[in-house]
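What follows is a short report on a single structure.
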Amino acid sequence: MRILLVNPNMTEEVTTLMWQTGRAAASPEVELTAVTARRGLPYISSRAEAQIGGVVALEMLADAGSDYDAAILAAFGDPGLLGARELFDFPIVGVSEAAMLTACMLGGRFLIVTFTAAMCGWYRDCVTMHGLDSRCAGVVALDRPIGPLHEVRERHGDALIELAARESRKRDAAAVILAGAPLSGLAERVREALSAPVVDPIVAAVKQAEALATLRPKKASQGSFRRPASKSSVGLYAPLAAILRGGHDG
Amino acid sequence: MRILLVNPNMTEEVTTLMWQTGRAAASPEVELTAVTARRGLPYISSRAEAQIGGVVALEMLADAGSDYDAAILAAFGDPGLLGARELFDFPIVGVSEAAMLTACMLGGRFLIVTFTAAMCGWYRDCVTMHGLDSRCAGVVALDRPIGPLHEVRERHGDALIELAARESRKRDAAAVILAGAPLSGLAERVREALSAPVVDPIVAAVKQAEALATLRPKKASQGSFRRPASKSSVGLYAPLAAILRGGHDG
Amino acid sequence: MRILLVNPNMTEEVTTLMWQTGRAAASPEVELTAVTARRGLPYISSRAEAQIGGVVALEMLADAGSDYDAAILAAFGDPGLLGARELFDFPIVGVSEAAMLTACMLGGRFLIVTFTAAMCGWYRDCVTMHGLDSRCAGVVALDRPIGPLHEVRERHGDALIELAARESRKRDAAAVILAGAPLSGLAERVREALSAPVVDPIVAAVKQAEALATLRPKKASQGSFRRPASKSSVGLYAPLAAILRGGHDG
Amino acid sequence: MRILLVNPNMTEEVTTLMWQTGRAAASPEVELTAVTARRGLPYISSRAEAQIGGVVALEMLADAGSDYDAAILAAFGDPGLLGARELFDFPIVGVSEAAMLTACMLGGRFLIVTFTAAMCGWYRDCVTMHGLDSRCAGVVALDRPIGPLHEVRERHGDALIELAARESRKRDAAAVILAGAPLSGLAERVREALSAPVVDPIVAAVKQAEALATLRPKKASQGSFRRPASKSSVGLYAPLAAILRGGHDG
Amino acid sequence: MRILLVNPNMTEEVTTLMWQTGRAAASPEVELTAVTARRGLPYISSRAEAQIGGVVALEMLADAGSDYDAAILAAFGDPGLLGARELFDFPIVGVSEAAMLTACMLGGRFLIVTFTAAMCGWYRDCVTMHGLDSRCAGVVALDRPIGPLHEVRERHGDALIELAARESRKRDAAAVILAGAPLSGLAERVREALSAPVVDPIVAAVKQAEALATLRPKKASQGSFRRPASKSSVGLYAPLAAILRGGHDG
Amino acid sequence: MRILLVNPNMTEEVTTLMWQTGRAAASPEVELTAVTARRGLPYISSRAEAQIGGVVALEMLADAGSDYDAAILAAFGDPGLLGARELFDFPIVGVSEAAMLTACMLGGRFLIVTFTAAMCGWYRDCVTMHGLDSRCAGVVALDRPIGPLHEVRERHGDALIELAARESRKRDAAAVILAGAPLSGLAERVREALSAPVVDPIVAAVKQAEALATLRPKKASQGSFRRPASKSSVGLYAPLAAILRGGHDG
């Protein structure tokens, strides 16, 4: 079973972090490949950047070929997810989608905890996009400068635990999602410190990708998620343009 | 990884069908054990029967011991699920919950198709219980006598395919869930006949159980999903009574 | 007019309390009979216990015969209510349902106040089950050990009043529901201390049972609330098994 | 127990019809008084007319004095209900509110059936105003000229039954509400012809008024449903102006 | 382009304030006419008063003739708006509707800030009436005596700014609406003091009226917003009675 | 007042059509400038294409400079809208957002009518993104090959009218939105043929842009819609990269 982890951000260290977390969670039969964006932004943290990062993700998926059983879109907020789901034949799961759906199985409502308030609005949009508002107890964040991404776990780990503990208790959250790629792997450490279960989005995404790969869902040939009709384009990344040209005859 | 499949119905043939479907979908490292109810009803098909079947499920889980990494509650409608989630330390997933959450990853809205209209209302309640109304394109059923349960797939397979095809097109459903244990395994056959992807609830449930087992969620020690306070009881199945007595000190 | 009050808990003192409160509210022509569970739990306070208590309620209703014009399911959270509504020919109302619907007629949103935080999650589930989330200003509870059930009113009455006063003001609640059978009758005492009207669930339930008895609703012979099809069963309480066997021919 | 039925329409025959239906449903201890509007419209059937009829209702309530234990606002759509609930010390229930809340206790979703399509939009607004959209299976109407109001039951009774039967089956409605004052009393006749239970709004309203009268809810002295602050006015009906002037000191 | 601003309150100073604010925002080609109620209340601040004020608004619109391209219903809470939309051929916009829809275009959720807590419940009803609950971050108010209406801006301006600043930050509101006619024009002053954009309802309403006037929407001749059928009436303001009599033949 | 109309599609004829429709609706003082995408797709008709088109829109806005008082994002579905709202200092409105918000002011629920079923799912996503599901009576489309875009109005006008007439009547829609840039200007012709009012998205967008330009909303300096923090990037269109680099210091 071959699973592709697409990091639409350009920070290699974060890809490595995600690959390590994902690899540890994957079944033995899974071959997990991770790719990092070669253009775009170091880290997506706004709606505008997600618009761009979503296209970068489509480009990376177009590059990937069709040798994968499933792909993971590895940026919280799921930039480009719905479009990717139209274009490609293999199933694709977003890390925030995977985290939220997995958290739903722990009962009641989940709390999303992240490291910078700038992302709260965009993350709330993502909850709404997935129709999960009634399962979400809120999106909360630290309110402080964060420093380098790959040090977020070390520098702010304790403050995140305290925030998660306080808010999950206050809101009766049945599960906590640690959101944002730089927090990958933190869930394990937080485990003992919190009295609610914690979901690591990358762990969730790898297992959901396995689920989809096993299900082998047929590509829709009707409705609004089938391949779009063939389109010519100008000035797009060539492999993506080829995918768009390869759509159905409408 | 040890996963327990709990069939709160008494029909062994259906348990076998589910075990076979589940076994084929499970990762190699999974040991899948299936148990059939020894009291209760041959098949749950109403809210009243689900009330009873939910207690039977709790009894079966109390019997199971703590050697499992995750359990599957294998009756569509998820009878007893939320209560089980309070009482037991290992994670538990319901088949309808698993099917719906998995279907969400195929985009847009899912259609639930079942074999008898008697279950539509109860299944709609289940969609609401999981907060997924906005992701559900409807619950539809055949309107005819169904005969023996283990023959449902053979006798009514074609009619179910036709129903699923017509309604999924009409409602622009991005995925179809074939609901009801007697339909286990039918998804594979339906695959070629439909132009939307199909979700087999047992396949979904096995993979979601694997996801939860890998996540190893900590048992909540706060909030409304922690173990209830210790309770004495009268006239309950002894292993279940023991579980209830073993709750926290409040 | 004969109304049956079913307490699916085993604490006789609480049944007595509810009967007294209900009797004082009933119309002169009402004959109010109260029965207490002979198996199960002293007091239901979790989803798991409600699963069990709901079956006990079905058993008690099966015992009751058909001489009643309406029945009250007298445990907040309404365990077994929807199933009971399928099985029996006389109308049945739950105390939480009755309290919430009655509170709706006082305008705006109601606040649910109870004596232990353990029940908040389950009560919120109940609000959702009845589709009344938009009418509910919240579920709040004391956060302290409660001691014996029949002393809750005396020991914690003042703290409950203070909690209700503070939260109803803060949330602009148009009515307060004092939830939990041990609080029956407290509403009268709270009356002068609060500036919002208070709903006693037992008073509400008796009046709603009268409403249903007067309406004499025809038992549904179509749709998902008609009697389920005839079912054989194993190991169930005999009178309940007889009811299940007596369903329609499907 | 004194209950006032306020018909904000000017058609005496309809008041009589409602009084008769209500009287038959009321408890023996109830004294039911009905009043008919002396200004306004023969029958409210639009939002604009409801705006006017709502003021007429306030005027009639201002005329009524304070000798009542509860009042019924007897026009489907509940014109003026929320305002009345602020101004007056006794509890007030609307017939559509009463019908819908009572129907909720019959399970699942209710269907509203009326005799002219002109009212469907306004009635849907009323469902939304009460926060009951998720409990409503739809609002349906005959599409034909109706003739004199007091003959609606005779002329169109059969067509209404056919419509209610067809749509309630199609939408799996657990109950049918016959909406519109001219249909008062029709529920009894429809009873045998439908396979779902039927709610007569006047019967429901009388019983809900009894429920409120028994509850004796304290008039809110906080929040948005307390008496508005004292106001002078110009050109209003004198007894209503006096009520407005008699508000609190703010 | 002729636009009519209807103030259903009797306070001329407030009409003047609104006219000045509106005139400054209107396009050069707009002729803005403002009228003040000659009966009713000095200022609407409850649901009951809105019931009355809504009829006064219908009377004022009936007086206005048909020489207008659009009308503004200039009382926050939009009393009488939906009825007016049925009766009159020119388009009509409410100030709260205009403010909320305009605020939606600034992203995310808007916060409604007003000067007295008495109006919060009624304003929340208005948000619900327009189906905008998911776009509203809350309705907040000062909690103090307000004094004369035309001095509200001066006396309480600073406190309102502080309230708006604190609550908009806390709730991540993307826009602030200053609600209530006496606050007209305050937005300009608040502008520099807040870090979120501010919507003046009168400015929004004038521009929305221009939008509707330009669109020249055809008066509906089908459905629930067409003119109601012709009705005779008793005791209504003559020009309004004439409008009601002039409806279609139904 | 300078308004920029951004067509993120590459079809000049459609830009011309929109400019003409918009110019006719604009106030005299408005200078309306329209630009056409120089890269991307001839016409956006799927979620994937909207992901790309949204970035093209951001690029075009980055090119535009800051001399505009407001901008219109002129592709139904509003690709890139929320991101644009973060990045730029002038207000931006989407054509679908403008059409829907304007339609809300015509009462009740609007119907969206378009020319190809492929867009229905994406357009429904857009309704949800704006929180307007409860105001939308549905999204309907012709089900046939459409031919060249600039001939859609001529070839399919009659079929679209028939579809709009049938579905608006059936669903009691208070307004009809003709969605999709190639339908610009069709509303005027449809006007006489339909019995519900029709909204042309370009007309609506121009007037909403005027409303925003008049409001001159302050750029948020707090919360999730302020300018994102300064970011370096690789391989992006230089003017867009400059905008991203120019963000705040975080």
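Read from first to last, the chains carry the letters A, B, C, D, E and F; within each, the first residue is number 1.
Assume contacts are C-beta pairs under 8 Å (C-beta built on N, C-alpha and C of every residue); 3 or more make two chains touch, one makes a residue touch a chain.
The structure presented is a predicted model; accordingly, all values stated were derived computationally and were not measured.
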Completion exercise
Shared touch partners for chain A + chain C come out as B, E
Problem - Shortest chain-hopping distance from chain B out to chain E - result: 2
Fill in the blank from the handout: Taking shared numbers over all numbers used, above half giving same and below half different, the chain A and chain B interface sides are same
Handout entry: chain D and chain E, separation of their C-alpha mean positions in angstrom
Key = 28
Problem - Between chain D and chain B, distance of the C-alpha-averaged centres to the nearest whole Å - result: 43
Exercise for the section: Please compute the C-alpha centroid of chain C, do the same for chain F, then give the distance between them in whole Å. Expected result: 51
Fill in the blank from the handout: Flagged in chain F as touching 2+ other chains are 82, 85-86, 108, 120-121, 128, 131, 134, 172, 174, 223-225
Exercise for the section: Identify every two-chain combination in which the chains touch. Expected result: A-B, A-C, A-E, A-F, B-C, B-D, B-F, C-D, C-E, D-E, D-F, E-F
Handout entry: Touching residues (chain side chain E, partner chain A) in the complex
Key = 108, 134, 172, 174
Practice task
Within their complex, state which residues of chain F touch chain E.
Solution key: 25, 27-29, 82, 85-86, 91, 93, 97-98, 101-102, 104-108, 130-132, 134-135, 168-169, 172-175, 191, 194-200, 203-204, 207-208, 210-212, 214-215, 217-226
Fill in the blank from the handout: Seen from chain D, its contact residues with chain E in the complex are 10, 38-42, 45-52, 54-55, 58, 80, 82-87, 117-122, 124-125, 128-129, 131, 145, 223-225, 228-229, 231-236, 240, 244, 250
Handout entry: Footprint of chain E on chain A - complex, ascending
Key = 120-121, 128, 133
